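Quick heads-up: structures coming right below.
There are two complexes below, and they share subunit A, which is joined by subunit B in the first and by subunit C in the second.
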Partner chain A sequence: MAARTVAKDIITLRGSAAIVSEFFGYAANSILYNRGVYPEESFVKVKKYGLPMLLTEDEGVKSFIANLTAQLSEWLEAGKLQRVVLVIMSKATGEVLERWNFSIETDSEVVDKGVSREKSDKEIMREIQAIMRQIASSITYLPCLDEPCVFDVLAYTDKDVAVPFTWTESDPKLIANPQMVKLHSFDTKIHKVDTLVSYKNDEWDEP
Partner chain B sequence: MDAGSLSSSSTIKTRSRYPLQEQFIQRKSSKENLDRFIPNRSAMDFDYAHYMLTEGNKGKENPVASSPSRDAYRKQLAESLNMNRTRILAFKNKPPAPVDLMPHEISTNPHDSKLAKPRRFIPQTSERTLDAPDIVDDYYLNLLDWGSGNVLAIALGSTVYLWDASDGSTSELVTVDDENGPVTSVSWAPDGRHLAVGLNNSEVQLWDSTSNRQLRTLKGGHRQRVGSLAWNNHILTTGGMDGRIVNNDVRIRSHVVETYRGHEQEVCGLKWSASGSQLASGGNDNLLYIWDRASASSNAATQWLHRLEDHTSAVKALAWCPFQGNLLASGGGSGDRCIKFWNTHTGACLNSIDTGSQVCSLLWNKNERELLSSHGFTQNQLTLWKYPSMVKMAELNGHTSRVLFMAQSPDGCTVASAAADETLRFWNVFGAPEAAAKAAPKARAEPFSNVSRIR
Partner chain C sequence: MSDSCVGLKMAEGEVEKMDPETEFLASKRRSGNEWEMFKENVRPLKRGRNVNLLNHALNSHTHNTLRKPLLQHRSKLIQAIHHYQGHDPLLPWLQCIKWVQEAFPPGGDSSGLVVIYEQCVRAFWHSERYKDDLRYLKVWLEYADNCFDADVIYAFLDANGIGKTHSDFYISYALHLESKNKFKAANQIFDLGISRNAEPVEKLKAAYRQFLARSMARPKAVDDSVEKLAPTRSFGTVLAKGENRDRAPLSTLNCDPSVKNDRTRAAPFSIYKDSVATGDAGTHQPDLSHSWLTLGARADRNKENNAIPGKWKSYKIPQRPGTRTGGATASAVIPVFVDEECQDLQSLKAEGVKSSSLKIRQEDDKDLKRETELLRKNPLRNFPQNSLPR
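Coming up: the complex of A and B.
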């Protein structure tokens, strides 16, 4: 009995990578929904992390996110992923309006030596839930995206990573003089993910 | 005493001068960097200044730097500068851009709908002002109409004038004899060529505007003046001071085909719905009736569909909504001041707004969900309302007396208003011509499309 509970709380690199990449998938969907990048009607509600989450039904977006999480998971398992950034840009001008920044710290010991860590699923889910709640509530302080927008995802990897066939090098798509809000972080004890959203300053807000 | 104080101050001066001189000499000898502008730096604490410039700054900045956003910024800056060890990758295939976004967004996101429809500039002054001398200042008459042929008809006293909006030319159509006049109502037939002229002597004349020829006179329908007219294809409906409403078939010799009885006083508002199936009539008896065309019969007086008693003053201003078939707006006179909205199928009052002033006339914008009302005392203004929120979008001032009549150009953009101040003003209130250009041909075709012409 006791042994079983212990076994349940053990987390491997592979399991951690799966949790983190899945988190990115849901977070991206949630951002696209909450920020109105895609129309509300193109999303369906599912239950995840003890929350109602919205997933896109748009085939193009769906496959983009599926490909993304598959690739991220691979990099996470190799411990090569430093950061994932979801960028929201103006469709008309291409100006970067918002950057959702997920920094990842990987426990190198786990990657190098293949050891595992201990943390309960439940605890991780609770931490992720807190981030998802923050993403959903972010619309209260983020500036309105009052124009049609597109999004892109940037992956910051180690220099020694071979660029996959479907990927290309990109510029960081930074925002000049941004406002930043740090959200909660979660930690699988192998991957620690810090979430931060930066957005374009409202010019007329400045003193 | 005086001398004592003087001497003491002088001693201080001399005493204080000493050390100065001493230091001066000392400095000079130590060959410090002095000049004639800053001959001495004894009061300056260079050590402290140096500390403040170097170490002190660090200490001061530390509490600021500990704020999480600053921290994050620094981190991000460091990371972006440290790009050498990082590779930034993105998918070659970009996610699909949200297509067909706007129609969805209008319903879901109020901010995007704002973008889709940039706020229209509504000129606050009239575009053009014409004199309208001798216009009869009578609330119960209808002396202005703008036909589908883009010609404006206005009755001034006993004369009907035509103003061609396409070239701005004016012509006189008819002057009736004094015993028959004045003219109490004018109304263009849907073809924009034939004009009905109601007279004080209870007769109605039909005129062909192209040949300036009178076609016929309709007699016997009323016993008193005819203050309101409304066309429904070949049916000319007339409302009289005798409270009667008569359907006249202008093609046949015995033109009175139906009579609607209900009003006990003068009928001053008369409008057919766009489909021609319902007639709204308002009277000085504060009543608003809805009549059904289908149930009208020639032999017996026709029963109304709805009898609406909500107004507390004469009901003159009537306007059928162009985008919702069974929606009628009605405005009450000076004792009522309300604009009311009706579902004419059920007879339910949907909304009522107290405008604070006599409602003389109502017009719907054909291109936007907006309603324009014209008023009397105290402002004599035109008010543009957003429907259905009934938020005031604009108030147009200019008239100095009550704005009795309004008429809309066939393209729906311009509104003409005639007031008791003897002016006729044109307002570009329903949008710029270029914005409505695409809507204009549709609006223009509408009056012709399902109408059998008078020949």
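Coming up: the complex of A and C.
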């Protein structure tokens, strides 16, 4: 019995990559919903991480996120992904308004030697749940996006990774002098993901 | 809306210096989590909030001892308005407003925000200098957001030409009308703004396109447009109508005093009509024909929710037609329980020297709440009669 419980809590590189890339998919959906980048009606509710989560039904966005998570998963398994940033920009001006930064630290020993680690699914889910909750409540401090917006995803990888067909090189799309809020982190014991959101603190009284 | 779904990849190139985000993550600095714990108590701000200030403010409001410095700081800022000697008298107001917005996250009555907005807009409404100042307009718009019925505010701005060069004015005005299902009137406001080339015109046009898309998508609706710019009435009106013919409605049903008043008092209001024509050419005319005094705010209409509960069986409601003994006035009688700490605070303030010329007195919470409530119902109540559109 004891042996079986232990066996359940073993996490492999592959499993960890799956959890992390799936997390990105849900997080991206949740951000697009909560920040109103796409209309509310284009989302459906599902249950995930013990929370009601929203997934887009827009075919374009859906396939974009599916491709994204597939690609991220590949990089995660190779241990080559350092950071993923979801950038929200003004559609009219292209100005960067908000950046959701997910920084990843990979346990290189696991990648190099193929060993596994121990951590229960339940615990990881709980950590992810806390992040999702924070994304949903970020409205308390984020500025209101009162113009049509578009989003992009930046991936920071090791230099030796070839740029895939559908991706292009990009500038970092930083915000000058941003407000930053660190959200919770989660750790699969193989990939540790730190979350941070930065935003433009609009000076309301500038002439 | 967004159709840009191109994946981008950024190779970790020759980045020598860390970007602020990486630095922030590496610094192990933590953002407090009060914002999440008290998220229900935070009113979102259009310009966003500084999280550190927010956390500090939320923390302070949970402890009475920590709250005092906040109140003291507020009165300091208010005094700064009074003592300001510089060349931009609006500036200290804005500093005060911004600070109060951040330091009182729920933005409720006790923050005094509504009172401050009102005094700020009243201080400068006649000033040519600030008429086209976007900052000043934004104070007005914030004020409008906080009132039950902003019709009167937008009509006032329109009539006085405040903010007419900014697209923000037209967008807010039109959205306000749209929210009250006055699509035709909203459309007119958009047209007006575009014909006046309000800046930034692109933003205005984009908002207009969205508005058009929304009104197309809207199921066939009864468009009650301009002729009904008078505050929309509901519920009580329907009931009262039939009764109106033979006798005045019961006070509890008489949620719509201004309907009657519009007719009986038509004469005094006709003063406001004439000057408008001299304003802008074209089809648009600010709607001024309706009462400026009896706004009939939401609280006026929803009397049934304010009535004091009592035994129904044993209590006979006096049937006094025509008199307006509203539930609202009755409810004011309920003594408000004051915490000991707050009583201290009040006596403290009483001791402090009150400069009579200071515009915002250091009112205690109760006064502040009452004034806020009155302003919400009648946003221009403190404006001199003759300042209302001539």
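Throughout what follows, the second predicted complex is superposed on the first by the 204 of 207 C-alpha atoms of A that agree within 3 Å, B and C clash if a C-alpha of one lies under 4 Å from a C-alpha of the other, contacts with A are read in each partner's own complex, and residues count from 1 in each chain.
What we mean here is this: a contact is a pair of C-beta atoms (placed from the backbone, for glycine too) under 8 Å apart; a residue touches a chain by one contact, two chains touch by 3 or more.
Nothing here was measured: the structure is a model prediction, and the numbers come from that model.
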- [ ] Put subunit B and subunit C onto subunit A via the superposition and say whether they clash or fit.
- [x] clash
Task: Partner chain in contact with A:Q134 - subunit B first, subunit C second, else both or neither - done: second
Open item on the list: Tell me the contact category for A:D171 with respect to subunit B and subunit C: first, second, both or neither.
Closed with: both
TODO: Would you sort A:D146 into first (subunit B), second (subunit C), both or neither based on which partner it touches?
DONE: both
Open item on the list: Quick check on the superposed pair: does A:Y38 touch subunit B, subunit C, both, or neither? Answer first, second, both or neither.
Closed with: both
TODO: Look at the residues of subunit A and decide whether subunit B or subunit C touches more of them.
DONE: C
- [ ] Considering only touches as defined above, state whether A:M180 meets subunit B (first), subunit C (second), both or neither.
- [x] both
Open item on the list: So in the superposed three-chain picture, is A:N201 touching just subunit B, just subunit C, both, or none of them (first/second/both/neither)?
Closed with: second
- [ ] Could you tell me if A:A92 is touching subunit B, subunit C, both of them or neither one (first, second, both, neither)?
- [x] second
Open item on the list: If the shared chain A is used to align the two complexes, which stretch of subunit C, 57-65, 93-101, 111-119 or 237-245, clashes with subunit B?
Closed with: 237-245
Open item on the list: Shared contact residues on subunit A, subunit B side and subunit C side combined as an intersection?
Closed with: 37-39, 60-61, 64, 67-68, 82-83, 91, 101, 144, 146-159, 161, 163-164, 166-172, 174, 179-182, 196, 198
Open item on the list: Please output the residues of subunit C touching subunit A within their complex, sorted ascending.
Closed with: 1-13, 15, 19-22, 24-25, 29-31, 35-36, 39, 42, 44-51, 54, 91, 94-95, 98, 105, 133-135, 138, 202-203, 206, 210
Task: subunit B residues within the subunit A interface of the complex - done: 68-69, 72-73, 76, 79-80, 83-98, 100-102, 104-105, 108-109, 111-112, 114-115
Open item on the list: Quick check: in the complex, which residue numbers of subunit A touch subunit C?
Closed with: 37-39, 60-61, 64, 67-68, 71, 82-83, 91-92, 99, 101, 103, 133-134, 137, 139-144, 146-159, 161, 163-164, 166-172, 174, 178-183, 194, 196, 198-207
Task: Touch list for subunit A against partner subunit B, complex - done: 36-41, 58, 60-61, 64-65, 67-68, 82-83, 91, 101, 144-159, 161, 163-164, 166-172, 174, 179-182, 196, 198
